[in-house]
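Scrolling down, you'll hit the structures one after another.
Two complexes, one shared chain (chain A), two partners (chain B, chain C).
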Partner chain A sequence: MGKEKIQKIAITGGKGGTGKSTFSVLLANKLVKLGHKVALVDVDVECPNDYLLLNQKLKKKIGFTYAKFPKIDKRKCRKCGLCVKSCKSNAIFQAPGQYPIFLPELCSGCGVCWLTCPYGAIKPREVKTGEIFINQVNNNLWLITGLAKAGLEETGPVVAQVKKIVLNFAEKMNIDMILFDTAAGTHCPVIQALINVDFAYAVTEPTPMGAYDLGLLLELSQKLKIRTKVILNKANLGNKKFIEKIVNKYKVKIASAIPYDKNLAKAYSNGQLLDLDYDFRINGEKFFYEKKV
Partner chain B sequence: MKICISSTGKNLSSIVDTRFGRCAYFLIVDSDKVKELKIIKNTGVQAQHGAGITASQIVVDQKVDVVISGNFGPKASLVLSQAGVKCYIVPSSMSIKEALKSLNQGELQELLKPSAPHYS
Partner chain C sequence: MGKNFFMKKKFKIAIASGKGGVGKSMLSSSLAILFSKKYKVVAVDADVDAPNLAIWLNEISRWDKIEKFSVSSKPVFDYKKCNGCGKCVDVCQFNALKMVSGKPHLDSFTCEGCGACENVCPRNAIKLKPVNGAKIKIKDTKYGFSLISGELIPGETGSGKIISKIKGIAEGYDYEIMIIDSSPGTGCPVIASLQGVDFVILITEPTPSAFSDLKRVLKVVNYFKLPWGLIINKKDINNALGNRINKWAKGNVLGSISYDQNIFKAIADFQPILETDLIAKQEIKTIFNNLLLKI
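Showing the complex of A and B:
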């Protein structure tokens, strides 16, 4: 086949509101203009919004995500209470002499309760936990959006399942670049998004909060052994020293600085980022852009 | 009748903890034997989620009839009412002793719906 390996890049950063999604869209656009076939994947499944920045609507579904939750068979239950003790999510409650009550909003779907029950009274029940949407934005750009059911406790598995479906889709469509736009934070859904990517950009801002959360994120990406570079957004505001301190501590590079720019903000709020051929330079990372023929 | 009060400290002059699920201690008294005081440290206080459920489980395991606290979250009030435990709310900061007195005099309001939002 001689097929090129698909490049998987995560856009993350720790703090919320630093411009992860904006940068994702700008980068996706740039890559398309340089001749790549790109899938932009919104894995901020609790609150995806890349579709808004791209002026799209979430209509066409290409799949669902699932999880298993416990269901009790009262004919088999002997009210022993072992499931209550086994649950690390505090999602099972039992009043004396009564059947246990399962609280789905606390359940992570880990499965310990049905493995623990000595009477086989708890059975896994498959439940839909999310939807996956697709938008073809232009000839060479697809947006894939994961959307978890509101109130779902554990969204990491949703991200993992979205990634799997995206990989299949990318192979089928000859997509050579996948961008994963992650949620803010360093918790399970972010970890799931970062697993197995080739490279990560950490988008941050020159504020104490931006620097602190960037530190947590870099700690995580080093643990996961993911090569990470920093994108400093709103670079002309705040104080760059906050970020430089963290960047030096974790020995990573600031790949690019994006100044706060009224035109960019305007395009962002009008859903017109794609019309903006934003020229941010990523030092020394040009090989990512040049399409090898 | 067994009464459980969420408490900031370990004795009857301690102040009632306004949070049920994330209180420091549970003090359990028997209205027939007021001299006997049982102190249980709330291990669920550090729980990331479901502190109200853990606390409710402690309460029902102790076969408590009445719980007094400042607030009850949605999950705790749901499971406690299902377990037939009555919940009462202290309107302002008061000691455990004062809360028990108010309960006896019928001055405490019974909880009919959750009085605090979900925290996690």
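Showing the complex of A and C:
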């Protein structure tokens, strides 16, 4: 191959609203200015916002995500109830003597019911679970947005499928940096976003809530063996000691502190973040991207 | 109006937003305190992968009860029985299984614990074993109501099931009003939080991101055909958009809260908003009164 490995960076953090998307956009911009070809991938598929911060519209699609959901053939069903017992998501309901009812809002699409049915009365039916959009923001920056169908229960597989398509795209386009902007929390869509990345930035804020959720996130990233550094956003508000305690406990570093800044907030609101050139470095601490990994 | 809450013995309110960090837990904690002055309350922290309600109530010192329990199972392989047929790998809808030198291997972070592999194995070489993936924390707060908080252990799956479980526990309490603080997003934990509630309070802020996420979560609320009210937090950071959201929400707006950097300071000092002198305190009380008229 002889090609340089594509760097995959996740931007995550635990608590919601700490500035993951803002930081993702600023970082993408910085990397482009440093000469990289960058794909910013919004894998907060339940509530993607990067396109709004970049003043883009979700129009052009480069793919879909799919899952299989059960469909019942009433002619074959004998109302035995085995499917109801097999379902670990409690997504199948059956009143006595009636046909089973499938509750899509609880269904994960795992397939146990159609594997279980002794009469072949349940068949998988492929359903679109999400869309993948692309925007070329400038010569060296692409935005790829995963958007799950509203009300979809299981969004982890949507993230996994978006990542796969992005990797193909990045190889085709000679992109050397991929940024994954994740959802809040530590549940399935976040786990899927973090799997196989080279390192992660955890964006947090100096409040006890930010610190608590950061702790949970760092526990996850350590289990997944992902090197992680902390970005302290709104650094001049609240109290830094909450974050320092967590950072010491998990032996990670604060890579950068970003003060709350009215101009930044304004640019955020108006979709003009790309006009800002932020220097994130503090204490001479190097960013991951500045080292050859 | 008004008859729902006052006719029902037990009334459940969920707080949701789509976007994170717009004020769900601040509002949930405040409403729980305000309701508790007149009614029997139970509070549920259903933001199980970032639970912060206890912090907002300044109830972090010690839980009365912490219990670990299982919300999902993971397959365990008996490689002596396994003949390496690979059926389990083919059947896994989540790509959590891979053949490694002729035997299936599990990526436990991707596994949903559904049991499809166990089901399909012709040699009975796979057994699902329960995993302790969750913690339930319970505390009688100084406000006289109980807080039931769920916590997903990082790396585990099953947030929706934890929420169903803690809502079930809360149901066992003698309450008149249950406050459920949900997580950001629209997926499984939010769906589990909204299921079976009587009213949803949505909270947003006047930014394009928050407004967009609000519309997304409203689709889920409408799917369940739930009545809802809206609160616009930090309304003054962008009054123009704030007014637009106000108009968009028609008669559903319960009130707004002003942006105030001092809220950050209050949080850092573990001071519940209702115990401060901030403007937000009065605004939340107004919202509470509007809410009583609406439910």
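Keep this in mind: the second predicted complex is superposed on the first by the 280 of 293 C-alpha atoms of A that agree within 3 Å, B and C clash if a C-alpha of one lies under 4 Å from a C-alpha of the other, contacts with A are read in each partner's own complex, and residues count from 1 in each chain.
Note that a contact is a pair of C-beta atoms (placed from the backbone, for glycine too) under 8 Å apart; a residue touches a chain by one contact, two chains touch by 3 or more.
Quick caveat: nothing in here was measured; it's all calculated off a predicted structure.
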* To do: Between chain B and chain C, point out the one touching more chain A residues.
  => C
* Considering only the touch criterion stated at the top, classify A:Q94 as touching first (chain B), second (chain C), both, or neither. => first
* Asked: Should A:V84 be classified as contacting the first partner (chain B), the second (chain C), both, or neither?
  -> first
* Asked: Can A:P118 be said to touch chain B (first), chain C (second), both, or neither?
  -> neither
* Asked: Of the partners chain B and chain C, which touch A:G16 in the superposed model: first, second, both, neither?
  -> second
* Could you say whether A:E153 touches chain B, chain C, both of them, or neither, answering first, second, both or neither? => both
* Asked: A:P189 contacts which: chain B (first), chain C (second), both, neither?
  -> second
* chain C-contacting residues of chain A that also contact chain B -> 89-90, 105-106, 153
* Asked: Okay, in this complex, where on chain A does chain B touch?
  -> 84, 89-96, 98, 101, 103, 105-106, 153
* Asked: Hey, which residues of chain A end up touching chain C in the complex?
  -> 14-18, 21, 44, 46-47, 49, 52-53, 67-68, 86, 88-90, 105-106, 108-112, 115-116, 148, 150-157, 160, 183-192, 195, 206-209, 212-213, 216-217, 219-220, 223-224, 234, 237-239, 242, 260, 265, 268-269, 271
* Structure fact -> chain C residues touching chain A in their complex are 18-22, 25, 47-52, 55-56, 60, 72-73, 91, 93-95, 107, 109-110, 112-116, 119-120, 151-152, 154-155, 157, 159-160, 164, 183-191, 195, 207-209, 212-213, 216-217, 219-220, 223, 237-238, 241, 261, 264-265, 267-268, 270
* Asked: Of all residues in chain B, which touch chain A in the complex?
  -> 44, 47, 49-51, 53-54, 56-57, 60-61, 63, 75, 79, 82-84
